[in-house]
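Worksheet: one structure, shown below.
As written, the chain order gives the labels A, B, C and D, with residue 1 at the start of each chain.
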């Protein structure tokens, strides 16, 4: 693991997620930006092999016979590319937190680095790991709501309603570390990715009206975005970090010619299915009406809620399946899905387009 | 009453609403577009005085000593102005369904007609009559959420998901009768009015991306709108008639510097109040935390749900209070609020701006 | 109207309910227990004919050619019988609030008085007027959940959590006025009636553990009741006036061999239908899946919530249909349902059994 | 691990739960009732040490220097005691699934065995591991709802609505394996334990009306139970396996003199807190209003839902904390709570009392 030291949130999440299905063992790390902090964090976790920095780690692990097969990169965004490159070029698989990078330039380099590597690259757009998100995607793909017309996606939070000075907030509101997008990068990319993942559509252009409501904030903390998709479908995306009462309110609603699906991250075991002209149906994870796509990433019976960590673990387990297939030279098993570097690039393109559109008074910007 | 014959939906609603608080007696009407239908509908209702058309009705009622004090106009939109003018110029108060008119030109004429009349004009933006909408407005005005930053309002329905040919659908999708806006006029105006009513803000410009998804439809059935307000607040408005599973999903969320409020029309007795840094609170109509503004338009104790008809009745009762004050030459009692012709004009300006913006690829259009 | 003076809650409810569908005109009343108060209340309402007491009212109205056809009795419980008797014996229809009487003896007399009268008797178990309650009843009757096994009904409130001294509380906690049951009489009877109404079953015995938690309270404020039905089904009934956070939480859940239905009074436009082995379905008033029984007592389209007053009005309108049929000598129209004096007797038997069972340490008491 | 072979549900749950916080390593097992199955299951899991049966496992592990410190027992109920005894008498800590045993006799022996052992005994009443259950308990203990008056607990499921013949259903409906209680033992014990855990009260007597609705079923599938507590509080408990639409609907509502708390297992990250005379508040895991007791068993920020497995993992991590303290001879850290053998005995006493009460027509049975 690179990043994820003592005071990081997402590092601990990755560690738990990787343990849940017993597919990974954490054996090495460069957990922080200084050798001292990295050592302290590594020792606190009882890591067998602790490195001063990711360069040394990549070089030495690549030389070991029992070196790591895969690395998780959970640093602030601006470090993703430099770190990933070191491992990719040595054939070590990379599991990287989102957004892909802090700049569009880096994102394009990352795509190239992945293309030139034999190793796999997995981006942890973890919300695509939720069983009922898989269910929604499968239903849309199967035509159960007809051709998609309208996509409403939102991701409101409230933690940046006031100025915050703890570390999580600090780097996420510093353009040098997070990238030019604030709410767009941190959560808007998740919302955008989810909308595309479930609908199977490609967004072709967007118009964005961004705001930084909190005095002194250097990146957007609220984003209003209009979307147009290749199929003619239209969408709205709202991301906000200044919406009091919203903790992590990612929510997707998709409406087609014959029905709709609605899903909310905070109550992830439910999916509303609304066939036009019939009563609404509440499909539950593992319950009647839930299909194969949800079932294969589910662990416990209906009514026993799975949550954020299990959804995150599904990305890790999909990655493990892909890594095993890669190792064996066999095809990736049917049904395995994980977010790729191209998804990551699409997210950074989205952020870049939002920022440019907003600077031009919400003019339309092409995405493809 | 003008309009509201046998097969009309909204006429019956106005009649019930006017009865609930026992402030009106229905004694005369020109209920339909032909004398025969008007007579048949009037007889079915046992109306004492039935007229062939609204012109005759206005003229004759104005001459009677016991003539009507107020008229309800519940025709399709394109008739509102012509009908209202007849009564206004004779000093008969007008209670008119929304949107104000089908064209901006008529809307401006209506404002002039009201200004030149001694009579009152009340527009039935009925959702402003709900107690918890009044509560939300009072809380925002009292600073309980701080300065407003973000306004999310939506009004999804699904009844026009497929082509419909019954009367309700027919005139609402005919630009000659409904005006140039489809979903924008029929429900977008409600959403827009509600957002302005609760926040007390004035929208200054908008950018709209409209769609007519159903083949052959001549007016928009889905509207994605970005809003900017005079205070610097920003908003999103979504109106749709093609969102399966949504019956009448008007919903408003307002977020300020220190808190938020959330209200949904289908569950109207609840208001979420979300002060930043405190647990969310569910305020109920009549319950603890509900204030004076809600209390004065509420009839039964908390837990005994009031609904659409009671909210509508509140507009009628507010109008009655204003009419009585007018009659007595006394000031309108404190707390009485009703939508005015200016609110109606703002709605028609909104529709016109949406249509023009969308025709110019969602360019910003000034509203004031 | 008898009772329902200035400071009464339920009188105003009855008046609004009687107006909503324009089937009644209120022309006479003895609205309070003293002539002075009765007069003051009557004048405040603008009543044409005000009486000192119900005896005079019954006698004089019966003699008038234009005398009342029906009377609403909305006094405290212990007056119901004496008042109803006066009207029944003169052939004036009675619409009476619940519970039927304050004592079992009076209840039996009331049944006899109704049997001996030509007039109709309607008990306002108003919750049976809700469209989705009718829907539930129709679905159970049609076998859509199979033979009923389990009935869970509850009616928690919180307004008597502390000692209250206003009038509503005073008579409801005085055994001389309300009867021996407190929560059992005031709300338990509603819950019991609803359970029997929806399931179509007859309860054969009960075991009750009552409590009066508030110091000094002379009647039960919490009731835990086990029920057994003639079909072999079993049930639980909970009524409470001391459950903080519950305003008027009447809720019914019925489970049969092949499915279930769930309904809650505070969100009355929804009915959950849970066929075993299929996703849960949310049926809405007026929406897809709602049938004839709900449709005929519904006024506005789905998504436009109807509430407590509309449900109450349905009882009045059913009564009006029955009265018109009675007047015409024709059969009551198909589908018309209203609670009868026998339902009222069953409620008083229920209260009496609860009190006796609890006094015998929750021994089983036969109900039929 | 003892039990938990290939086709068992709860074994896999225990394994995941033990991994989440990285406190356990699974190294040995006797996973099934025959040596062959045990071996096959152990190999599928890659277990280092596989035993034919629990006797051999206990004996040999106790002799190893690197033998197991603790064992998880996840067999059908009737095996719990015999298995636990082997480990307890050798000083190996036992983590045992609930209910404690299938008979009251065994339960008493288990208590004795624990008392005579130096080892710890932890019962996985996993629902007590949910953060918001801890929150509720802390709030009740802190007097935030006043003295408890009413306890409503229920645990409806629907999976046994029809006769099932797969393994999970088979042993749970066989009195020889599950004990005399069906729904009472499998889920009623959870509900009962939860009610006592949160309120801190001791139930003193109960009256139960059990049913076996499905033809041919030999144990109860529906239980209606009245409860009385030492403090004078009263309760109702409903457990059902035949309530269509209910997956795993454990729900607890506790009402005191000044407020209430409400929690539902299927939406476990929320706790309603209802102080009398104030608006209801929705406390979220990790959000404002959540205290220390919830915080110490929580992993991710508010809005990132934790679920069943994390709650289960909390029991394992509490056990780990206790085991480490035991190893070090230090006191158990403050705040650590886990269900004990006495809680297990209380559960078996509850089942026994339910069965005896029901056999005597719901007579009251003393519990203490």
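One rule holds in what follows: a residue touches a chain if its C-beta (ideal position, glycine included) is under 8 Å from a C-beta of that chain, and two chains touch if they have at least 3 such contacts.
As the structure is a computational prediction, the values presented were derived from the model and not from experiment.
Trainee: Go through the assembly and pull out the chains touching chain B as well as chain C.
Mentor: Intersection of chain B and chain C contact lists gives A, D.
Trainee: Between copies chain A and chain D, are the contact residues mostly the same numbers or mostly different, with half as the line?
Mentor: Since more than half of the residue numbers are used by both chains, the interface counts as same.
Trainee: Of the pairs A-B and B-D, which shows more C-beta pairs in contact?
Mentor: If we tally the C-beta pairs in contact for A-B and B-D, the bigger total goes to A-B.
Trainee: Counting in whole Å, what is the centre-to-centre distance of chain A and chain B, each centre being its mean C-alpha position?
Mentor: 42
Trainee: Centre to centre, by mean C-alpha position, how many angstrom separate chain A and chain D?
Mentor: So the centre of chain A lies 35 Å away from the centre of chain D.
Trainee: Compute the distance, rounded to whole Å, between the mean C-alpha positions of chain B and chain D.
Mentor: Spacing between the chain centres: roughly 55 Å.
Trainee: Residues touching two or more other chains, restricted to chain A: which are they?
Mentor: 246, 280, 284, 287
Trainee: Which bits of chain D are touching chain B when the two form their complex?
Mentor: 273, 277-284, 287-289
Trainee: For chain D, which residues count as touching chain C in their complex?
Mentor: Residues of chain D touching chain C: 145, 149-150, 152, 154, 158, 161-162, 207, 209, 211, 213, 222, 224, 226, 228, 234-236, 238, 240, 242-246, 253, 255-260, 262, 272, 274-276, 280, 361-362, 364.
Trainee: Along chain B, where are the residues that touch chain C in the complex?
Mentor: Residues 9, 12-13, 15-16, 19-22, 157, 246-249, 265-269, 284, 287, 299-310.
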